[in-house]
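You will see chain A twice below: alongside chain B first, and alongside chain C after that.
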Partner chain A sequence: MNNARRNPLAAILVILAGLLVSGGGYAVASNAVTSSTASEVSQETVDAGKKLFLANCASCHGSNAEGGNMGPSLIGVGAASVDFQVGTGRMPAQASGPQVMKKPVQFTEEQTAQLAAYVASLSPGPSIPSEEWVGESALASGDTSKGGELFRINCAMCHNAVGAGGALTDGKFAPRLEGVEAKHIYEAMVIGPQNMPVFNDSNLTPEDKRDIISYLKYVEANPSAGGEELGGLGPVAEGLFVWIFVLGGIVVITIWLGAKSN
Partner chain B sequence: MSNATATAKKKGGFLAGTANYLDERVGVAGILKEFGRKVFPDHWSFMLGEVALYSFLVLLLSGTFLTFWFQPSMVPVIYEGSYAPLKGAEMSVAYASTLDISFEIRGGLLFRQVHHWSALLFVAAAGLHMLRVFFTGAFRKPREINWVVGFVLFVLGMAGGFTGYSLPDDLLSGNGLRIIDGMIKGIPYIGAYTSSLLFGGEFPGEAIVARLYSLHIMIVPALILVFVAVHLFMVVIHKHTHYAGPGKRDDNVVGYPLMPVYVAKAGGFFFIVFGVIMLIAATFTINPIWAYGAYDPSPVSAGTQPDWYIGWLDGALRLAPTHLEFMIGDFTLSMNILIPLVVGILFLVVVALYPFIEAWVTGDKREHHVLDRPRNTPVRTAVGAAGITFYAVLWAGASTDLIATHFQLSLNHVLTSMQILLIVGPIAAYIITKRACLALMRKDREIALHGRETGRVVRLPHGEYIEVHEPMDEYELYKLVGYKAYEPMLARPNAKGVITLRSRIRAALSRFYFEDRVVPPTKGEIEAAHDHGKELH
Partner chain C sequence: MSDKSKSLAKAEDAEHDYSAGLAVIAPDAVKDPGMEPHRVRMTDKSEAHEKRAARQVAALFLFSIVSSAFALYAYFAFPIVEGSNASVRDNTLLLGLGAAFGMLAIGIGAVHWAKTLMPDAEVSEARHQTRGSEETRARAIEIIDLANKESGFSRRKLIRRSLYGALAFFPLPGILVFADLGPNPEDSLKHTMWKKGTRLTRDPDGKPIKASDVTIGSVFHVIPEGLAELEHHKLEEKAKAAVLLVRVDPTILKESAERKDWSYDGIVAYSKICTHVGCPVALYEQQTHHLLCPCHQSTFDLTDACKVIFGPASRPLPQLPIAVDAEGYLVAQDDFNEPVGPSFWERSVNE
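Let's turn to the complex of A and B:
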């Protein structure tokens, strides 16, 4: 036994075994995260998506989605990415700038699905989350308390503790989360659009993601118990409000009281 | 008074009986006579200090209510209250009891909001009151000490606010405390020891909330009460100032007596201020601590700001140039923390000492009870405007991130612009304000001499066209010419025949203050101008 352990080949074997286990494990895990949706949709949908792609996206992303100077390659970004970018109106981009802005959605849901199917058919990538995670019943069963805690730990440093958004460097920003569809929040966590980091399933499990969305939706559906929220911007809005409206209003009253004597 | 009580006694009314009872035992009549006949002039700007006083009363009332339920303990508990998104979360007793005040106790949330809104209003009203006193020169002899007392009250207001802001132990206030901790640790040598002493060990420790609570509900309010008493007592001693007008002199006060006019007015005004605070507190959320979650040192939220009155210090930290740390031996000097600290303290010192600085420069030893029109003291007004600009840029500096996101600007550009504005803004404000004041004074002089332009053009019999000027009446004229134009002093040699550095500095400052001036027209000039006008009519 002792001799066998000292054999130089033993070290190599151990390393090999370690690599196989960790690499294989990673491959299994990432397969669990990314799954191709190409098999689930018809060729017709993919073709329709390709037509839309060539007409609307190819000028920047290249006619085979291989990317170019203006836009990145879309091979392997998956259906989730397309659904997020097109579904929130960010794509097709209107102008280049520090960050691509949200704007009214350009395509119908059917067209968005076609585009997503086409891009997903190029290479496997993250798929659109199922109702199991972002459906109404799923969100209703989410743990808002845990979601809130996860949100504060993972998201609040950019999106603010109440999801009001925040500034990043050089004109980039983390957008406000109020009114964003549940599936788009989920997709954003999976794909990490623009400046956002990726929160993969080993980082935040699908249950965690659902809990975070449940929390955000709960806060959105239940307005502040204290009355008007002043944009959820905290002390800055409160300070401006007290100076302009409260003290301003009282000064108007003092002027009225002072004028009475004249 | 004694006659009145005597006749009333015969009637045997309950009120008169009580009054007589009190008068015979504690001399109520004398007190009422003394205080009831105190005269207060009437002007809206004289009510700003009152607003601060009334907000403070509301603070005391609502704060007492909150102390019945708030528990300043940092012992961890599991929240089992009615706010769903925090159910089962671990938090401190302080935070849990604040949540209970907000969600379980009847009227608790309303009173929390009343307390917080009135705190913001207290400091804001005190600040505005200070500006009124500054720009009208009400801090001049004999009121310099009262200015310092008022200044201390303003700083105590900030201290009271900050200690209260940190009590709920939510994420926002914890982040704020962390910044204070960092600032303290940035002070060379004593920083780490001070922080350890304050927090009872490493931040956040388990002691800070209870310590801040003692400060917040005992030390700070007691000090504020004492200083308010001194402040008001001095107002009684000095009597109130009044604006220039006919019959208003440096040796009298023109206005209404305290009893009954001002007691009724001020009492009514208290309820107006209270009413406004209640209305705002009942309709607008302030500091929704439930949305921020329990404090945990790891998460830091974007858009973390202090309440407005600490904002200028937060702004100073944000605007300080980065990469300025260096080492001396084993000590790190964090200039990006020390510069804001020193600049902030210097700013406060200048504000506190301003009356003495101005008195030294003018050499004016007379008592002043008639207020200045801000335009008639161009340099003081301009210095004030520069100070406001400096403060305002620092203040805005605390919300660089919100300015960037809301106006779609680059955060870096906003920061750089603010840094430039912090230097250029006060200088520009100074020049513009001083020029505007001098121009207004020249206009006043012109109007005093030649009357107001009526826009009515008349053709005289010999063919000349003139515009008819309406002469000012005595009241308006008094306002326009009733000020003293100081002249710059020269540096003079002392008894030994030496021109000291001190006297040179004083002369230079005097020149800075009074080199540009507009002298009010003399009686002779006005009469001459009027005679000239009559010839034309």
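Let's turn to the complex of A and C:
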């Protein structure tokens, strides 16, 4: 025993064991903080993501995602940002313009997950929301009336009271929210993509965010009691309809009333 | 023109052959072009057309019956089910369409009847003068004099004067109710609920906000502490005190010397009430730092004291000076230093 303890290898073993415990412990702890919801991500996934990144994203965002003239740095934007931008087809961007548009998704779900894992591995950032907040059952249990109130206070000025979207300055616009996946709505609130502001968890708690999404899904599932919504855009579309079709009809009837019969 | 209608028109002319009275007759007045040549209708020329028109009118009236009956049927066949918006829509839409066509078809049928089957003689009816004849006017004066004599309106001073008094007093209650348009707002338009030390809290639940909660790019919709608990005039107070809280990179803020300490580490608070007509300005663009008003597109530059950069607003949004209290919560340093919202009569330009 004595001999073994004095063995020079013993010191190395002790140091190794210490490193393992502290390093592993830190890894577990930091994992719990940064990606409390994401499932374990393997190194292969991150590597695959890096390959995809270098092939598809690095020309604008830089080969180490450090950003450049064409695109911002992605260090610290988190998996949520990648999942939103790539998962809705906004990235890779098609052209520069006032706003990067939604378009058909360019990557498979697996590839999106790999890219997200790579970007998340660079620096801690917001993670993809878990089923706890955006799953079917979570949304079914959401408080739609509270969600509606929060939506009207925080979102409706840009996205319209029923999420029909609306115009901003210089060609930018707040997109329509109908048909947008729950997790993408959640991610947008967390990351504040493009010109949308950030709604962090101390502003809108995860419960609040879930309620807002529940409200939007409720509006989507329930047709308007007033009949044709005309895009849900309110008085402009409705007024235009009345001016053209109703007044037009009245003019036609008036002309017919005054015309002589054959 | 048929003989019958010609003679009718002549008779009318004779009947209304008045002098021009006091009217000025322009020498180059447009000449009356007379009647257009009469065009005989198909329904007058051919019996088949006439019969067809009669059938069309009857068909329209029958369609009206069917529509009205459909409205009755739809009311029962598409009942309003509690909790279903779609059922309300179907019920009201079909009931309404049935009732509308029920009425419309009667109208169209009646007009079609008149246009195709009823006599179509053109008749001109000359405009008669509005001035009565001398006899009528003299007779009217006579009647008034007689009424005055019989009622004694000129003779009975007491009755006449008391009537004048009554007429003078009866509008007063009507005028009094205008007092309810008040009271005069005094200086309430110039002050809001914000005062030194009032915490900034979240709309709608009134949860206080820590400076550390406001991450860069965040927007908080803010009400003063205590507003959510107000029992009276809550909306009036909210309409004045609503604030938008945003954090930007402190280096991009252009702050004047006197406003240097109004923000906290890039966190700025501005009134949400547009200085144009008072809409809530809350469309914040994170990258451009523009605040857009949805009503008339007034645009404010958040990094430059909310200066107006586009649109009809004439003044920047008032800034709420903020600080952080001992517990790390954001508080107001004071009320706004100018009245919030649109201009009003008593607001001086330099306020």
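Quick note on the criterion: the second predicted complex is superposed on the first by the 211 of 262 C-alpha atoms of A that agree within 3 Å, B and C clash if a C-alpha of one lies under 4 Å from a C-alpha of the other, contacts with A are read in each partner's own complex, and residues count from 1 in each chain.
Rule of thumb we're sticking to: a contact is a pair of C-beta atoms (placed from the backbone, for glycine too) under 8 Å apart; a residue touches a chain by one contact, two chains touch by 3 or more.
Predicted model only: the values in this text are computed from it and were never measured.
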> In the superposed model on chain A, is it clash or fit for chain B and chain C?
Replying inline: clash
> More chain A residues touched by chain B or by chain C?
Replying inline: B
>> Once chain A of both complexes is superposed, is A:Met157 in touch with chain B (first), chain C (second), both, or neither?
In response: both
>> On the A-aligned overlay, A:Glu149 touches which partner chain: chain B = first, chain C = second, or both, or neither?
In response: both
>> Contact-wise, after the overlay, does A:Thr169 reach chain B, chain C, both or neither (first, second, both, neither)?
In response: both
>> If we overlay the two complexes on their shared chain A, which of chain B and chain C does A:Trp133 touch? Say first, second, both or neither.
In response: neither
>> With both complexes overlaid on chain A, does A:Glu238 touch chain B (first), chain C (second), both or neither?
In response: first
> When the two structures are overlaid on chain A, which partner does A:Ala225 contact: first (chain B), second (chain C), both, or neither?
Replying inline: both
> Regarding the shared-chain residue A:Pro197, is it in contact with chain B (first), chain C (second), both, or neither?
Replying inline: second
>> In the overlaid three-chain picture, which partner chain does A:Phe107 touch, first (chain B) or second (chain C), both, or neither?
In response: neither
>> Once the two complexes are overlaid on A, one stretch of chain C runs into chain B. Is it 99-107, 153-161, 207-215 or 225-233?
In response: 99-107
> Once the complexes are superposed, what residues of chain A are shared between the chain B interface and the chain C interface?
Replying inline: 149, 153, 157-158, 166, 168-170, 174, 224-227, 257, 261
> Can you list the chain C residues touching chain A in their complex?
Replying inline: 39, 41-43, 85-86, 88-89, 93, 111, 115-116, 120, 202-204, 209-210, 213-221, 246, 280, 282-288, 290, 292, 294, 297, 299, 310
> For chain A, which residues count as touching chain C in their complex?
Replying inline: 149-150, 153-154, 157-158, 166, 168-170, 172, 174, 192, 194-200, 202-203, 222-227, 256-257, 260-262
> If you look only at chain A, which of its residues touch chain B in the complex?
Replying inline: 98, 144-145, 147-149, 152-153, 156-162, 164-171, 173-174, 215, 218-219, 224-230, 232-236, 238-243, 245-247, 249-251, 253-255, 257-259, 261
>> Going by the contact rule set out above, which residues of chain B touch chain A in the complex?
In response: 42-45, 47-48, 51, 84-89, 102-103, 109, 113, 117, 120-121, 124-125, 128, 171-172, 256, 265, 269, 272-273, 276-277, 280, 282-288, 290-293, 296, 298-309, 311, 398-402, 404-405, 408-413
